[in-house]
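Look for chain A in each of the two complexes below; its partner is chain B in the first and chain C in the second.
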Partner chain A sequence: MSTPANPFASKPSRSRSFEKVILGVFRTATYIILICGAAVFGDILLKGVPTVANAFKTTSTFPYVTNTFLFEAPESLYVFEHEGKTMEMGDKDYRAFREAEIAKAAAAGLPPPVFKSSSYVYSAGGIWPCIVGTVLLVVGSMTIALFLGVCSAIFLNEYAKDGPIVRFIRLAILNLAGVPSIVFGLFGFGLFVIYLDWNVSLLAGWFTLAFMVLPVVITASEESLKAVPKGFREGSLALGATKWQTIRKNVLPYALPGILTSSILGIARVAGETAPIMFTAAYVVRDKLPWDVEKASDFFFQGVMALPYHIYVVSSKIPQNEYTSRVQYGTAFVFLGIVALIATASIIFRNKLRSRYQW
Partner chain B sequence: METSSASSTPASRAFQVPSRATDGQKAQTLIEIENFDFYYGAKQALFDINLKLDDKRVTAFIGPSGCGKSTLLRCLNRMNDLIDGTSIKRGGIKIRGVDVNARDVDSIELRKRVGMVFQKSNPFPKSIYENVIYGLRIQGETNKAKLDAVVEKSLRGAALWDEVKDRLHESGLGLSGGQQQRLCIARTIAVSPEIILMDEPCSALDPIATAKVEELIHELKKEFTIIIVTHSMQQAARCSDKTAFFYMGKLIEYADTRTIFMNPGNPQTEAYVSGRFG
Partner chain C sequence: MPTEPVSPPPQKPFLIEKKRTRFLGLTLDETIRAFFGGNAFTAVVVLALITIFLFREGSAFFGQNRESITLYRQAGLEYVDYMRTQQEEHTALTRYLFDIRLRAVKHMTEAPLGGAQKEKDAASKELWELEHNALASGPAVDPEKLASAKARVAAAEAASAKILADANAKLAAFDDFAGRYSDTIEPVRGLVSELTDVAVAIKEKYTINEDAKRERAQYLAAGMTAEADAVKITEVDFKAELAPLVGITPIYVETANGVAAAIKEVASTPPTLPVPALEERMKRFQALNAQYLASFPETQRKLETWDYQKPVPAIDTFTGFIFGKQWLTASFWQDWYGVVPLFVGSLMVSVIALFLAVPLGVGAAIYINQFASAKEQKLVKPAIEFISAIPSVVLGFFGIAVLGQALRALSQVEALSWIPGFPFSERLNALTAGCLLALIAVPTIFTLAEDALNNVPRSFKEASFALGASRMQTILRIIVPASLSGIVSAVLLGLGRVIGETMVVLLCAGNRIAIPDFTEGFAAFVQPVHTMTGIIAQEMGEVERGGIHYRALFMVGLVLFFIALLINFLAQKIVRKYRVSIG
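Showing the complex of A and B:
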């Protein structure tokens, strides 16, 4: 007795073989992205980690160990030959060393030694002012962007009646998201730096960056507000709550995790953009730290160094060689680390909020 | 600020006048709807509604989907104000003789007196306790003892106290569907309104939960005037004193529930209550 033919046996057909091809395409595309990403991050990690790792230095005072790359201002690097050895030193160390050597020679009655050095700007010392500047820029601009963005999202979503004006505003906001960041930079330069006469300052940078991320914040805030069920609003209003009481007590708390998610994306953009700050807030080099000001109001009207701008400067304005590449990769690595750190903190905060309000 | 200015108007004072009819007495008219035309944009939803609703009674609005019964219900506490493009072209609604759409009536004050229970139970993602006192918190009540008392009284009033008294501080969303709906009722009676509007309160509930809510309605009508929109004719027959039948935005018939179901005056009503359409 023969077994009956299997009616479910696979039959080769064009659509079956195409299925395999298309799966292959999708899979390859994903892997290509993965490999590219891994290559970029791996490269920065591999070359950047030693810069930070080699910069640890013990000190005699608290906290006994410090990292010169992270916690010192940038200096020029001097490379010179001395007694047959190639030596590298930062600006201050080099000057002290040279004077000491000259004094030593004079004491011994010898002619002063000749130092033949080549110097590389920004390649010694660290990037502490840039880290501080970037953190200040991110915190300030995100505060402004969140305040303005959430307010306008509440207005558009909860108060404004749908009509041509509101639709026009929404369209304008969406278009704003597509404006290149350099245009925001020029806008900020024109409005804040020149017209309002704030000069190159933190304040000008904050507002420029805030306007750049506002579309993202507004759009995402509106989405999160929309995601709060209508029943919460109606239920609250039917109990005699005013509109603002309803929003504050029964809408905004539930929308906040979503709004924060969007602002995390905003943080990465604000921290990473060079173009908007290069005319408005960033200095190529500044030795003073931001809190080192005479009066409090000066704080807002000072320029700062910033990591992305520093990366731009060290990678395009100075020669590429073994001495400069350390600071280039080191800065990029620290920058990635800081963005990751801020984002992680926001995600933890968001998840905390989210677990408080579940529906 | 709104509260203080509004409470001085004649309209809001009128809502606070306690003139509670006792059972057995002849019912008094509480709500008068006169020549009421209502529009969503250009589309007319209600046509010339004339209706007098009794104090301390249960009135049911029945009719097929889209007949305007929910729309009329939402006009009673001006929830339709929240929908863009709605308008009242003619007529009005009077509660204790005060036109609810008058200039000096504040919709916030109105809604404190005219509570609403929705089709889809909508407990807030807060604890049971916080859900019940939401309305009082909004009004700024902070006295813990008073809040506790209101929570117990309201939950007892909504026949939910025994089921939840040990977990008042757990989320209201952890309750079953029927419990959630009774929680919403408790939340509504916590602000001690005069009128409770119920928009198909049982349409998402199973028969046992429905029975509990209907029992509750019987209890509540001692203290509140209840207007219930329902798709279930059995429900209208079981728990209402008077029934209004709507069709295509018009009030077809309004009479004692018994009359509507046993001896309807209008052939359309008869067709609907006997299940021939709708």
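Showing the complex of A and C:
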């Protein structure tokens, strides 16, 4: 028994199938993008997680557990044959091991063992100084950028009347947003490192990154300020408050959460950029941690290691093989994880905020 | 009668008096306003500072480059280069001949060799099976069979060797011709290498002298007269030094004439190629050769009229930078700073990236804005925002570790060999970098294009539907055209991001400074390139501060800065000019 054909069903026509094909093309485009993004994430996640997961170790002091990859400085990796086994050790361990073996052999009256090792720089130990450096760079530059950006936005949104000067400022902000990051790097190098003679330092990096991210912060702040209803300002002014009192008491408190959350995206950008800090703030390797300085002012004038620059160094300056890929993927994973966390936080906060303030 | 002037009654003080604090004549509120206003100008100031400092560090490039080019002329390097060009053009022609030979061999042997290879494979397989069986089942294998299989393999090998030998034998006449042709330039080659040493020696002398001068100036500045006097400075007498060089001109002319005669003689008896299909190329070679011979008098004229004192015009250093086709540094001969190869590299990588990113980005924007359900929108939009947060250096690392190899493996798949440029052997090339840059450009293009689509008024859509248009007609004919200005500016801003991107191209573009060979068509897109951003990042850390190379890098930065401004300007202009007015 066959079901009777639906007499009202739309007949297949040329235009209808054409429509379907076009829709399919658009949908494929969307999902290709997502798949590509997922492929990058997935690859780095899969190969990077083991590096971090295998580095957990117990210690004898509080908190009794530590992660050698996250909390140690980078070392050279030595790979050598010993008693028929292939062994891998970091720089410090290798030296201690070699001396112990030589002493053992001497005690037993044997000739000292020969160690034939090949070494790979930065492939052992961890990335603690890089994490610290990145955090310092982000905190400093975002403080500067937020201060300048919020003040600019307050002027543009609250005080300024539309005119040639304001239009000029807006044009400058738009153009600043389009300047390539490497040009910011050159500029920071020319101004801070050479002209002001700050050398390769945290301070130079802070200002360079702050100027780079300024347009993002200004735009974000202006949008949040605009979202505060006009009535808030008018009510306050009608009660005799001055302009500044109005802004301080009745505009900023409502705009600030928005400003901060949208600026988190700026943080992701600051943390992720390599080109601007290459010549202004980043060192390839530095033994001391940033707070390990003689006088307080030295803190601002020291270069630091940074995660993005470290990834660049380990992926371009050392060969690709099984021993080095561990640290390469591990660093990329930690870095991507941090940036992804920041981005997720920004998206979640923004959605929460949208539902909280409904004017 | 004069009355006493009535003095106005003394004003009573206000009952309430408000004290205003004043800073520099401004009230508190005005001060606050000025403070915020001052902050708002940071963007302007930063933009101005960028321009100033790039100029400050870069502008001295032109002076230094002029000096360098002047020395190039005075030390006779330019003179030698005239001859060298002649020699190199000849080498290029010889290479063309070799290319013809390669093609001929391939043409003649491809089909028979394939057959021989198949036969050989089959024979080897048989032999292997026999031997394998022998191992498995002991000595039960027929020795006769084994011998015959071995003989079969040997015969197949001999057959393929014979095919190759035959082909080579057929090409003997051609080889003889090519060999004789390549030998004709030898006399010039000898002369050039001799003169190269002379010119380099002069340049060396001059450089040492300049260093001595600088040392002396430093001593004098430090007030150490005795040490300053001890520095020996002997001005280079270019005329005397160049005498042996210039004196060689008549000899060279004679040699060149001899070479020309020899070439003519060799070329007059062209061999007949065993492959008729390549006759076309042979003809082309003859034409090129004739062209080459015709350039001889011009070179002679240049050599004879060459004057080491001819001043280098200032504009030459500028055009030499903007249109220079060579970026050659740290060479013993002469450094050239031409931005063209870098610019072409940047452009190629961007073209690939946009070629991939525009359809994907705009397509996705249309889909998400017009078709997708609310749920899908909620999923896809943050996901794409997430992609935009991937740091470029991580993408670059992904390119080195995974994508480069994957693309190369893909290119070696037999079924895809029809794509121009496939298969390629370089892991890192323009294509690898372009694919990754596409992923960087997509979020920008997607977000801005989606905004543009969103801004199309609802009434447009409704009017279209009311007239009976289908959904697809409405979207393709009404909504997309109405937002086209926004989409185009989105693409331009995507281009701006891609051209300014550093880490991906530094890690993945292959970093070979040369203009890709466009004669091979699209295959140029899988060659390694170097880019403007990449060269700054790569070389800035290694150059001497204040040197010409350092200045040149700042000039590249300046070019990049202006390109970025131009793209931004165009994007804004397009949005403003072609926006569909909503009335």
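Here is the rule we go by: the second predicted complex is superposed on the first by the 322 of 359 C-alpha atoms of A that agree within 3 Å, B and C clash if a C-alpha of one lies under 4 Å from a C-alpha of the other, contacts with A are read in each partner's own complex, and residues count from 1 in each chain.
Note that in this section a contact is a pair of C-beta atoms (placed from the backbone, for glycine too) under 8 Å apart; a residue touches a chain by one contact, two chains touch by 3 or more.
Here the structure is a predicted model, which is why all the values come from computation and not from measurement.
**Student:** Would you sort A:332 into first (chain B), second (chain C), both or neither based on which partner it touches?
**Tutor:** Second partner only.
**Student:** Where does A:110 make contact in the superposed view: on chain B (first), on chain C (second), on both, or on neither?
**Tutor:** Neither chain B nor chain C is touched by A:110.
**Student:** Considering only touches as defined above, state whether A:100 meets chain B (first), chain C (second), both or neither.
**Tutor:** neither
**Student:** Tell me which of chain B and chain C touches more residues of chain A.
**Tutor:** Here the partner covering more residues of chain A is C.
**Student:** Is A:236 in contact with chain B, with chain C, with both, or with neither (first, second, both, neither)?
**Tutor:** So A:236 only meets chain B here.
**Student:** Which partner does A:161 reach: the first (chain B), the second (chain C), both, or neither?
**Tutor:** It touches chain B, and chain C stays clear.
**Student:** One more residue to check, A:345. First (chain B), second (chain C), both or neither?
**Tutor:** After superposition on chain A, A:345 lies in contact with neither partner.
**Student:** Considering only the touch criterion stated at the top, classify A:273 as touching first (chain B), second (chain C), both, or neither.
**Tutor:** second
**Student:** According to the stated criteria, A:312 is in contact with first (chain B), second (chain C), both, or neither; which is it?
**Tutor:** Second partner only.
**Student:** Check chain A for residues that touch chain B in one structure and chain C in the other, and list them.
**Tutor:** Residues common to the chain A contacts of chain C and of chain B are 242, listed in rising order.
**Student:** Which positions of chain B touch chain A when the two form their complex?
**Tutor:** Answer in residue numbers: 2, 77, 79, 82, 84, 108-109, 111-112, 115-116, 118, 120, 122-125, 134-135, 137-139, 171, 173, 184, 187-188, 191.
**Student:** If you look only at chain A, which of its residues touch chain B in the complex?
**Tutor:** Listed in rising order, the residues of chain A that touch chain B are 161-162, 229, 231-242, 245, 249-250, 254, 357-359.
**Student:** So in the complex, which bits of chain C are touching chain A?
**Tutor:** 28-29, 32-33, 35-37, 39-44, 46-47, 49-50, 53-54, 56-57, 359-361, 363-364, 366-368, 371-372, 380, 382-387, 389-398, 400-402, 439, 442, 446, 470-472, 476, 493, 496, 499-503, 506-507, 533, 536-537, 540-541, 545, 553-554, 557, 560-561, 564-565, 567-569, 572
**Student:** Help me check something: in the complex, which residues belonging to chain A touch chain C?
**Tutor:** Those in contact with chain C are residues 15, 18-19, 22-23, 25-30, 32-34, 36-37, 40-41, 43-44, 148, 151-152, 154-156, 158-160, 168-169, 172-187, 189-191, 194-195, 211, 214-215, 218, 242-244, 265, 268, 271-275, 278-279, 308-309, 311-312, 315-316, 320, 325, 328-329, 332, 335-336, 339-340, 342-344, 347.
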